[in-house]
Structure formats: C-alpha cells, structure tokens
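Below is one structure. I have some questions about it.
Note that the chains are named A, B and C in the order they appear, and that numbering of residues resets to 1 at the start of each chain.
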Amino acid sequence: MFREKLSAVKENPIAALYPTTKGWIVILYCICVTALSTVKVNGYALYLIPLFLMIPVLFAVSGIWEKFFGFFKSIFIFVAFIFIVQTLLIRSDAVLFRFGFLSIYEDGLQHAIFLCFIILNIAGILLWLFQTTETKEMTYALEKMGMSYKASFVFLSTFQMIEVLGKSSKTIMNAQRARGIETEGNIIVRCKAFFPMIVPLVVSSIMNTEERVLTLECRGFDTKCPKTRLLELKKSGNEAKAIVISVIVTAAVLIGRILLWVL
Amino acid sequence: MIEKKKHSIKEDFSTLALLTMPIAVAVNFVGSQIHHALSLPLFLDTIGTFFVSMLCGPWVGALTGLIGSLVNGITNPSGIPFALTSISVGLVAGFLARAKMFDTWWKIVISIALTSLVSTIVSAPIAVLVYGGVTSSTDSLFAATLMASGVNIWKAVIGTSLLFTCIDRIIAIVVTRLIIKVIPARNLIKYSLGNNYVKNSTSKTA
Amino acid sequence: MGTVVEFKNVTYTYPLSEKPAIKNMSFKIEEGKFYGVIGENGSGKTTLCSLVRGFAPDFYKGTLEGEVLVDGKPTTEYGPGELALKFGYVFQNPFNQISGVKDTVFEEVAFGLENFGFDPDEIEQRVTDVMELTDITAIALKNPFELSGGQQQRVALASTIVLKPDILVIDEPTSQLDPEGTESVFKIISEMKNEHKTILLVEHKVDLLAEYADEILVLKDSELIKAGPKQEILSDISLLKKNVQLPQMSILGNELRKLGLPIKNIPITEDQAVDIVKSHLAKGGKS
C-alpha cells in the first residue's frame, strides 16, 4: 500500500496533533499574549518575557528544537532593530541611562519591550505551527473547513514553482556568466544581472503554462464533482487533551488579568 | 460593433490564471531575496503581483499578493501584517490595468503615483502602529534617521516610504511591461486583460 | 468497428493569424485502430491533435469551419471536462505535464482519479497496476520533478492511462527523449494497442510507426495529402519528393529495386526486408 507511505509518520505527540487543533492552540496563545500585554509592572509589560520563553520550550517538546535558532535568527534581527530604534527614539522626561550622546528614556524602553515581545510571541507561535505542520497537511485541513480545492492547488504549486524557478534562475545565471555577463560584484552589477535573468524566466514559464492548463483539463481539474483526497490526516488521539490544557491555561491567564483589575 | 466587455470574476480566475499566480509569487520571492541579499532600500517584491494584475485583473492580483506574503510568513511570520500592502498593490494595479492605465507614458506616470500612494497609505499605519514606525528593512534606516533628527514619526515613515515605493514601482512596471512585450500575442490573448497589450487585436478577430 | 472521430471539411485558423493551420480536412478515425501522423514541422500535426480533443477552438479560440465530430457530436457542443474521460492526451514536453502539487510519483499518477472523485481503494489499485505497466513502480515515492525526461514522460503516460480513456492522442512524446526513453515509451504505447485502444500518435520516427501503427495520415502545408494503411503509404516512394520521411527499409528497398532487383513489394519494416532478402537468397541458391 503506497497510500500509507504518503503522510510522514510523526513520532512526537505534540507535532502530530491535528492541524486544526494546532490552529486553536495558536489562537488561544494569541489571546494570552493580548491579555498579558496589558499587565504592566512599573509600566513594563514584563509578563510577555516569560511567556515568550514558552516558545523554545514548545519547540523542544515538539521535537524541533534544532530548528529554533535557525528560523529565529531573522526574526531576532528584525525585532532587535525595532527594539533599538524604539528605545533610542521615544523620548520622555525620565532618562534611564546615558552613553555619551545616546540616551535611553523610560518610555522608549517600555514601548520597546511591549512591542518586541508581542511580535516575538506571535511570530514564535506561528512559526511553531508552520514548522510542525507540512504545507499539504495545512491545505488539507483548510480544504476540510471549506476552502476551495483550487485555492489549495495554487498554494501548493507556489511552493513547487519557487523551487523550480530558483533552480532555473541559477541555470540562467550560469549561462550568463558563460556568455561573459557579470553576475557577481557590487550592487549595481548584480542588479543589472537580475533583470536579464528574470525576463526570460517569466516568459518561458508563461509559455509553458498553456500545456499545463490543458494537462489539468485532461486530468479532470475542472470537472465538477466531489474530489477524493488520498492523503489521510489521522488524529493523534491527544487532541482533546491538548485543547483542554490550552483552554485551562488561557482561562487562568484571563481570570488572573480580571482579578488584577478588580483588586 | 463595439462589444462592451464585462469582467466576470469567474473568468478572471481561469485555470490559466491559477497557474500564473504561482509564477508571479515565485518572481516576487526571487525579487525579495535579492532585496535581502543586497540590502537594497527597494523591495523588488511586487514585480510578479504587477504582472499578474495587469493580465488577470485586481482580484487575481490581490490574491497573489496575499499568497506571497503568507509564503514569506512561513519562514518569518513577523512581516505578515504587511500582507495588506501586497493585497492593495494587486488591487490597485488590477483596476488600473482594467482602465488601460499602462499603455502610454503619461498614464504610466499616473499609475506609478497612484500605486505608490495607496501602498504608502496602507503600509504606513501598519509600520507605525504594529512596529512603532521602523522595521529592519533598509528604507527604515532612512525613516529612523529622520525620526532621530526630530521629524514627526508619521511624516518620517510616509516620506521615506513614498520615495522608495515610487522607485520600486517604476522598476516593477518597467520590468513587467518588458516581460509582457516579449510574451507572444497568442499567449497574451488567453488572459482576461491580455488583449490590451496586443496591437491591432480588434482588427484581426474576424 | 465504429467511427469515433470524424473530420468534415475542417478548416481552422488560430487567432491573430491569417493563414489556416488546418485546411479542408476530411477523414475518419475508427475504433481500436492505431493512427500515425507524419509530416514536416509546422504542417499542422499538433493542431490536428488539438482539434480532435476539442482544445481548438475551445481553449485556443480562433475560427473553425466544418465539423469535428466525436461519437457523432461536434466537439464544440461538449461541456468543459466532458471529454476528459473519453480522451487521454500526452504532450511533447514531459516537464509541463507534471501537476506541480504532488510530492510523489504515486500521488501524481493518482491526481486525475482524485479529481474525478474515485474511491481511494480503487485509486490505489488502479495506480499500482498502471505503475507496473509503465515500469515506474521503483520510483513511486520519488518527487516527479527530480526524474529524467524519459521517466517523466512515462509518468505522464501513466497519469493518462490510469483514467482508462478510449482514445489516446499522443503528440511527439519522444522528441525530447534519448533512445532508451523512446523505446520505453513505445513499449507502453504498443501495450495500449494490445488493449485495443484507439491511438492517434504524432511521431517523426517513421521506422517505429512502420512497426506499430495500422494507418498513416500524411500532412503537408496544413493539408492531409495522403491517408491509408501503413503498408500502402510508407512504401509510396513518390512521397519522398514531397519531403515526407519514409522508413529506412522503404528507401533501401527502392534503391535495390532501382539496381534491378525484382522486389515486388517495397518493405517498410526490418522483418519484411529480411524476409525479402531471405527469399531472394533461397531463389539464388537454387538457380
């Protein structure tokens, strides 16, 4: 049976959760982020920091610890930049530190922590969802929720197309180099190499599209009937447990938040 | 006989359009990789969206923008709110294409101005409200510099965004026009707006 | 045997083009026969295939005069997708026939059946059988994009055959393949012939057509200049003057005949040529 070999067997019980379940976890997590972002300690949204530490923990227990730093590198750079700019640019009366001409103001630091940890938390939980769920699993789950099969077709073929175009662009670059067009060097040289590459690449892809349309027509893509899906997404059995735990945690956070208001 | 062409969304989303969208997203992707690799202040990530909007109209263009942002978001979700900007680029370019606003140079100038303006109107609030005005992209450096020298945050963000988006759009539209010029007419006419770019197409469809 | 496809005075012109790609063509395709289509590049072979399947004028637009009938009904009157189970269509470029949404050859072959809503168990069975037939079982779990051209074309054939079409239209399937790939593709096509499918094959390699086809259609400058049983067409030496390629054996037979050898029937395949040589040797031995 080939069908059984199609979906990768996930050993890890958390990574193996059903995509929709993971989607709910993401939504509940975002609710927690929003609730905790309103709790200020001396004006700082400090609770977001321990909450963010949950993300590497979640990566570790989902068995994708080794992916954490690889993918977070670009997010960290993005956030670090925002952090620096916010702390340095937002001015107020209270100066915390002063290094020569640079001053860090209280308002700036407060806003920087608030903003950066919201971004880190939400980006982190989304990254967890994307890294534990294959694209075809995700589109399958969305299709079950009523998304058109054509939408999932476009989505899936986009990933393949990026790979294919990436490969062809390298081929064209090599061909250009062989013909003496410079593809390396300073920014202007590389920019100049970009345009003669992108034009033929798109044109040839578009010309190929015609046969691809007809091939799809032959394979019944346009035929109006219910579509079969060979990929079977099995529930791991822990879905109910995971949802209950997440709901309890979220409820606890919300109750805590409300109590802080009331008290 | 002048036949008034009605645009149906169903016709816009032909199988041909569905197969063209992934190509457009991939072109956006290649462009944005160059932007990152070279740390250019230009994003170069709307060429594909312009291309698809000019051939298939606003709705296909908007969806292409959305999918592109989601695909980028899978490896770095922190930029997902800017999906709204990508969607607006597709929409505006598509409506302009329907109005044949890409055929003469003065119309193209208006189109460049309009698309840049709309992108800025959509992206500036996102930049200010979600990211505090500055992101890690190179054009943000300019905004940050302006802000540091005391310029109001909104003015700084809108000013730099408008400048760089304009240059970005000029490149996108020039490249897209170039691509469409090279594509054979027999391929073009199969797109819902393709006839706009074929010379004498009306005289020969006897 | 019934007629499955009929051309009645068909003239077809692509949009934006002044000259018709097919001129005044009339012929019938009969059930269960294998038709080979030959002719120079640009003589209208691919357009002929598109017309048979109804891609022209439905997808390519343009103007059609006359009628193309499938089972007695004009192709223009069939709804979208209606002909998909009747015809299988294999294109020249194997790369363009990959759906682009499947990670494995198995799923790629199953794609059509999924679209028609077949039962998963039946899909598994059919795909397994077809992969066996087309010799791609060993690569069932590979990514279709990472295959060689010959393998990709076999996957394209499998994806087509798995839908069990009555008629197979195959447009130069081997033009981009090496000899090994060509041979494997022809093996599959001849297998289809044994299953009594109606086959329309455009192919430059006339030697292979001489071996496998029943009937030959000869196109030149958008017109059908000759049609009939392969023995008759491929041994017609006068076609050489019209730039039509003929099997090497026909040319050899003709040259030998010119040299004075009493060859009654020009051979078109190696086997026939061998038979002729054998019989001559036998006669020569006696005299």
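The definition used in the following text is that a residue touches a chain if its C-beta (ideal position, glycine included) is under 8 Å from a C-beta of that chain, and two chains touch if they have at least 3 such contacts.
Being a predicted model, the structure only gives us computed values, none of them experimental.
If you tally contacting C-beta pairs for each pair of chains, A-B comes out on top.
The chain with its Cα centroid farthest from the Cα centroid of subunit B is C. If you average the CA atoms of subunit A and of subunit B, the two centres end up 22 Å from each other. Averaged C-alpha coordinates put the centre of subunit B at 44 Å from the centre of subunit C.
The mean-CA centres of subunit A and subunit C are about 47 angstrom from one another, to the nearest whole unit. Of all residues in subunit C, those that touch two or more other chains are 59, 100. Contact with two or more other chains is made by residues 153, 157, 160-161, 164, 212-213, 216-217, 221-222 of subunit A. Each of the following residues of subunit B touches two or more other chains: 22, 190. Residues 71, 74-75, 77-82, 85-86, 88-90, 111-112, 115, 119, 122-123, 126-127, 130, 135, 150, 153-155, 157-162, 164-166, 169, 187, 190-191, 194-195, 198-203, 205-207, 209-210, 212-213, 216-217, 221-222 of subunit A are the ones that touch subunit B when the two sit in their complex. Listing the residues of subunit A that touch subunit C in their complex gives 1-3, 5-6, 136, 153, 156-157, 160-161, 163-164, 208, 211-231. Contact residues of subunit B toward subunit C in the complex are 22, 185-186, 189-190, 198, 201, 204-206.
On subunit C, the positions that touch subunit B within their shared complex are 14-18, 59, 61, 63, 100. Interface residues of subunit C facing subunit A in the complex, by the touch rule stated above, are 55, 59, 80-81, 84-85, 87-89, 91-93, 95-97, 99-101, 103-104, 106-107, 110-120, 123-124, 127-128, 140-141, 145, 156, 159-160, 163.
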